[in-house]
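The two complexes that follow have subunit A in common; it is paired with subunit B in the first and with subunit C in the second.
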Partner chain A sequence: MKHNALRSFFICGLILIGMALFPLFTNNFIIRFGTDILMFAIMASAWNIIGGYTGYASFGNVVFFGIGAYTTAVLMEKAGFGFALAYASSGLLAAVFAILVGLPVLRLRGHYFAIATLGVAEAMKALVQNLEITEGNSGIYLPMLDMSVRGQYYFFFYMMLATLVACLLTTYILLNAKFGYSLIAIREDEDAANSVGINTTYAKTMAFSLSALFTGFAGSIYAYQQAFIKPEPAFTVHTTVKMIVMAVFGGMGKLFGPLLGAFSIEVISEILSDHFLVAHALFFGTIVILAIVFTPKGIMDIITERKLNVSYFLENIRKHRV
Partner chain B sequence: MLAQIVINGILKGGLYALMAMGMSLIWGVMDIINIAHGSFIMLGAFTTYWLFTLLGIDPFVSLIFSISILFVIGYGIQKYLINLIIRASAFITLILAFGIEIFINNAALVAWTADVRKVKVAYGASNFSLGDWVTIPTVRLLAFMLVIVIGTIFFFILNRTDLGRSIRSTAQDLDAAQLVGVDVARTYALTFGLGVGAAGAAGTLWSILFPISPMMGGILTLKSFVVVIIGGLGSMLGPILGGLTLGVAEAMGSTWFGSTYENLISFTILVLVLILRPKGILGGAD
Partner chain C sequence: MAILQANRISKHFDGLVAVNKVSFVLNPGEILGLIGPNGAGKTTVVNMIAGVYPPTEGEIHFKGKPIHGLKPYRIGRMGIARTFQVVKPFPGMTVKENVAVGAMFGARGKRRSAKEAMEKAEEVLEFVGLADQKDRRADQLGVAFRKRLEMAKALAMSPDVVLFDEVMAGLNFGEIDQAVQMIQKIRHSGITILVIEHVMRAIKNLCDRVFVLHHGEKIADGPVEEVLNDENVIKAYLGKRFKELTH
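On to the complex of A and B.
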C-alpha cells in the first residue's frame, strides 16, 4: 500500500514537471491551447467537488466563473486594483455568493437542485446584462497585461496551472480528512449521514463554496487573458455543460478524472473542428451520447479497471435497460 | 392598458403551457429532464416552415404533420436509445439528453444554416378589437384555442384510455406495472412520443407567431423548465397554470421594467418558487 502511494506521488510529480516545462518547448498557439485545457480542467475539477463527491449535480457552476470574471473586470477597470488583489477577491466573492445561494438551494435534491442552480446562473446573466456597473450587454474592457507577448502566454498558462494544482491539492487533502468522508456520506445517503451526526448542511455548503472559489479563480484569469468580457460568453450555459461532460467523461468522483476529461474532450473537439468545419459539433454530440451509454463511469475507470472487453461496455445497458 | 397587458400575457402563456406539457409528462412519468425539449420544438417549427414554403400547406393544417413526425422521432429515440439506460441515475439520462440536444441542433444547423426564418402567412397581422381599448391578434387567439384543444386531448388520453392507465401506473411503480403485464418499454416509448409530439405542436404554433432558427431551442427549454416548476409535476393543470403565470408575469414585467428584464423575471420566479414551494404552486399534487 505504502509502495503504491509512493509510486502515485512519483507519477503525479513527473506529470506536474512535464506540464510545467512543456510551454518552454513549444509555440504560442499550443501554449494558448494548453491554457484553455487547464482552465476547463480547473472548472471540471471544481465541479467534481460538489457534483462528483457530494452528489449535487450543479447545473449553474458557470455563475461562479462569470462572477469571477466580472469581479476582476470591475475591480481592475473601475477601482484600479492590481491583478493579484482582483484575483483573490474574485474567488472569495464567488465563494461567498455560493454560501448565500447554497443555504436555500442546497435544501433541494436531485433534479430540483440542478434546475435551481441553472435558474440562478440565468438570472445572474440577465442581471449583469442590465446593471450599469457591468456595462450591460456592451461588455467591459480590462487593462492589458504589461508584458512581452511570449511573457503573457507564459503568465496565463502558469496562473492556470497553479490554480489547478491548488484545486487538486485542496481536494486531495480534504478527501483524506473527515470533511471528505462527510461529502461522500452525503452522496451515498444524505439522511443516513444526517442521522449519524454529520452536519450535512455545513458540509455541502462548504463543498459548494470551495467549488465556487476555484471556478471564480478560473474566471478571473480568463477575464484578464481576454481583456474584454461580455455577459453571453461569460455566463453561457454551455460552459456548465462542458465542465459536466468533461467530469463525467473523465470520471466523476475521481481526483484526476476531470483533468483527464478536460484534456481528452478539448483535444477531440480541436481535432474535429480542424477536420470538419461545420459538422464538428454534430460529432461532439454523438461522442457525448456514445460515452454516456457505453462508459458512464468515465475513462479513469477504464484505466484503473483494465478490463477492456465488450461486456465492460455493455454493462451499463445490461443493468439499466427496460 | 392593464387589460391589454394581461390578455397579451395570457395568449403567450397558453403557448408556454403547451411547450411545458410535453416536458412535464416526460419528467413526471420517466424522471427524465428532457434538455432536448427545445430542440424538438425547433424541429416542429421547421416542419411547418418547410411544408409552408415548399408545398404551401397552411401552418394550422401542418399541425397534424408536425405532431405525427415528432411523435415518430420521439418514439424511436426513446425505444432505441434512452430505454437502453433508463434505469441509470437521473443524472445520466440528463447528460444523454444533452448529447441529443447538441446532435439535433447541429444537424439542423448543418442542414438549414443559422438563418432566421419566418412563416409569412397572409393573415399573420390581422386582429380585432374588443370594446374600445383591447386589441386581440387573431392568430394568437387561434393558437391559444388550439392549446386548449390539445391539452384536452392529452387529458383524455391520460385519464380515459388504456394507454393512459399504463402510463400512469408505470409512473407510479415501474416494477409493479411490469408485474401486472404492462409493456413498460413500449409505454415509455409512447410517453416520450406523446411529449415530443406536443413539443412539435408548440413548434408549429411558435413558427406562426415568431421567427425561427436552428438555435432557438435553448431558451425554450429554459422557459419550459420555469413553467413546469411553477406549476408542479403530476397533473395537466400544472403546466397550464405555470404557463399563464409566466406569460402574464413576463408581459407585466417587460412593460414596467423594459423587455431586457424579461429573463431576469422568469428565472427569479423559477428560483423563488423552487425555494419556497418546491412542488409548485399547486402543492403536493404528485
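On to the complex of A and C.
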C-alpha cells in the first residue's frame, strides 16, 4: 500500500511538472488550447464533487461559472478592484450563492434536483440579461491585462493550472477525511447515511458550495481572459452539459477522471472539427454514446483496472443495460 | 429509570392511523420484543423513534430527554442506532468502509478520526464475525451477511440502544440461531435492545418482555410466555380461523 501511494504521488508530480513546463516550448495557439482544457478540467472536477462523489447530478453548475465571470467583470470594471481581489470574491460569491440555493434545492433528489438546478441557471441568466449593473444583453468589458501578448498567455494558463491543482488537492484531502466518507455515503444511500449520524443537509450543501467555489474561480479567470463577456456564453447550458460529459467520460467519482475526460474530449472534438467541418458534432456524439455504452465508469476505470479487452466491455454492457 | 420511553405516540398518514396511542418503556439492559401481524405498525414505531418522521402526537424520551421531532442523524448521534428491515448498505463501499462510516458519525463519532474509525470497524467486524469479508464490496454479500453488516453498522455507532428491525427475516434456521447468539452477545456488552421480529423461535429465545401491536394499537405487553398465550394475541395472528381452532 505504502509503496503504491508513493508511486502515485511520484506520477502525479511528473504530470504536474510536465503540465507546468509545456507552455514554455510551444506556440500561443497551443497554450490557449491548453488553457481551455484546464478551464474545463476545473469545471468538470468541481462538478465531480457534487455530481460524482455526492451523487447529485447538478445540471446548473454553469450558474457558478457565470456568477464568477460577472463578479470579476463588475468588480474590476465598476468598482476598480484588482484581479486578485476580484478572483477571490468571485469564487466566494459563487460558494455563498450555492449555499443559499442549495438549502432548498438539495432537498430534491434525482431528476427533480437536476431540473431545479437547470432552472436556477436559466433564471440567473435572465436576471443578468435584465440587470443594469451587468449591462444586460449588450455585455460588459473588463480592463485589459497589462502584459506582453506572450505574458498574457502564460498568465491565464498558469492561473487555470493553479486553480485546477487547488481543486484536485482540496478534493483529495476531503476524500481522505470524514467529510469525504459522508459524501460517498450520501451517494450510496442517503437515508442510511442520515440514520448513521451524518448531517446530510450540511454535507450536501458544503459539497455544492465547494463545487461552486472552484467553478466560480474558473469563471473569473475566463472573464479576465476574454476581456468582454455576455450573458449567453457565460450562462449557456452547453457549458454544464460539457462538464458533465467530461466527468462521465473520464470517470465520475474518480479524482483524476474529470481531468482526463476534459483532456480527451477537447482533443477529440478539436481533431474532429479539423477534419470534418460539417459533421463533426455527429461523430463526436457517436463517440460519446459508444463510450457510455462500453465504459460507463469512464476511461479512468480502464486505466486503473488495466482491462482493455472484449470481456470487459461485454461485462459493462450486461451490468448497465436498461 | 427507563432508557427509552414512548408516551401515547400516534402516527397518522393522511386519514390512515398507522399507530394509535402506543406507550412502552425500554429498561436499561433488557431485550424487548415488538411483534404483530403484517401492517400492524411495527416499522412505523421504529421510524418514529429513529426520527424518520415525527409522531403525529405523543412523546418519546431517551435518557429523560425528549427526542420526538429530531432529525435521524441527531438521534443517531445521541446513541440510538437502528437497522433497516430492507437492508441499506452503502453498496459501492467495502464492508469495512460501511462499518467505519457508522463509527465515524455515530455516538462517539466526534471523537474519532477517520483512522480510528477504521480501527473500530475492524473490532466490530471481528465481533460480528465478518472479519474475513471486510474487503468485499457490500453489494456482493449474500442475505445473511448483509443482515449482519446491517447490525455491524449499527454497533459501530457505539449506541446505548439498538433497534433491530427484522434482522432475521429471510434467514435459515442455522443463521437464525447465529443471529440470536449475536444479539445475546450484544446485550452482554451493555447495549439495550428492541427487536422487531416475526420469527417466534427468536422471540422466545431472546426477549425478556414482549409487546404486541395489532392495527396500530397495543394489545398486549408482558413476559413472552404470557403474551404468546394471550387470547387477543392469538386472535390477532390467526384472525377468523381462531374460532375454528378453538372449537
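Quick note on the criterion: the second predicted complex is superposed on the first by the 318 of 322 C-alpha atoms of A that agree within 3 Å, B and C clash if a C-alpha of one lies under 4 Å from a C-alpha of the other, contacts with A are read in each partner's own complex, and residues count from 1 in each chain.
The criterion applied here is as follows: a residue touches a chain if its C-beta (ideal position, glycine included) is under 8 Å from a C-beta of that chain, and two chains touch if they have at least 3 such contacts.
As the structure is a computational prediction, the values presented were derived from the model and not from experiment.
K.L.:
After the superposition on A, what does A:I184 contact: first (subunit B), second (subunit C), both or neither?
P.N.:
Second partner only.
K.L.:
Looking only at subunit A, is it subunit B or subunit C that touches more of its residues?
P.N.:
B
K.L.:
So, A:N176: does it touch subunit B (first), subunit C (second), both, or neither?
P.N.:
second
K.L.:
Tell me which partner A:L282 touches in the superposition: subunit B (first), subunit C (second), both or neither.
P.N.:
After superposing on A, A:L282 lies in contact with subunit B but is clear of subunit C.
K.L.:
Taking the superposition on A as described, I'd like to know which of subunit B and subunit C A:A192 touches: first, second, both or neither.
P.N.:
Second partner only, subunit C.
K.L.:
Output check: A:Y112 vs subunit B and subunit C. Expected answer is one of first, second, both, neither. What do you get?
P.N.:
So A:Y112 only meets subunit B here.
K.L.:
After superposition on the shared chain, which partner residues are touched by A:G80: those of subunit B (first), subunit C (second), both, or neither?
P.N.:
neither
K.L.:
How about subunit B: which of its residues touch subunit A in the complex?
P.N.:
27, 31, 33, 81, 83-88, 90-92, 94-96, 98-107, 109-110, 174, 184-185, 188, 218, 222, 225-226, 229, 260-261, 263-264, 267-268, 270-271, 274-275, 278
K.L.:
Would you pull the subunit A residues touching subunit B in the complex into a rising list?
P.N.:
57, 104-105, 107-108, 110-112, 114-116, 118-120, 122-123, 125-127, 129-130, 237, 241, 244-245, 248, 278-279, 281-282, 284-289, 292-293, 296, 316-317, 319-322
K.L.:
Report the residues of subunit A in contact with subunit C in the complex, numbered from low to high.
P.N.:
So the residues of subunit A in touch with subunit C come to 176-178, 181-182, 184-185, 187-189, 191-200.
K.L.:
How about subunit C: which of its residues touch subunit A in the complex?
P.N.:
For this pair, the touching residues of subunit C are 50, 52, 71-73, 76-77, 81-82, 84, 88-93, 97, 100-102, 104-107, 109, 113-114, 117, 153, 157.
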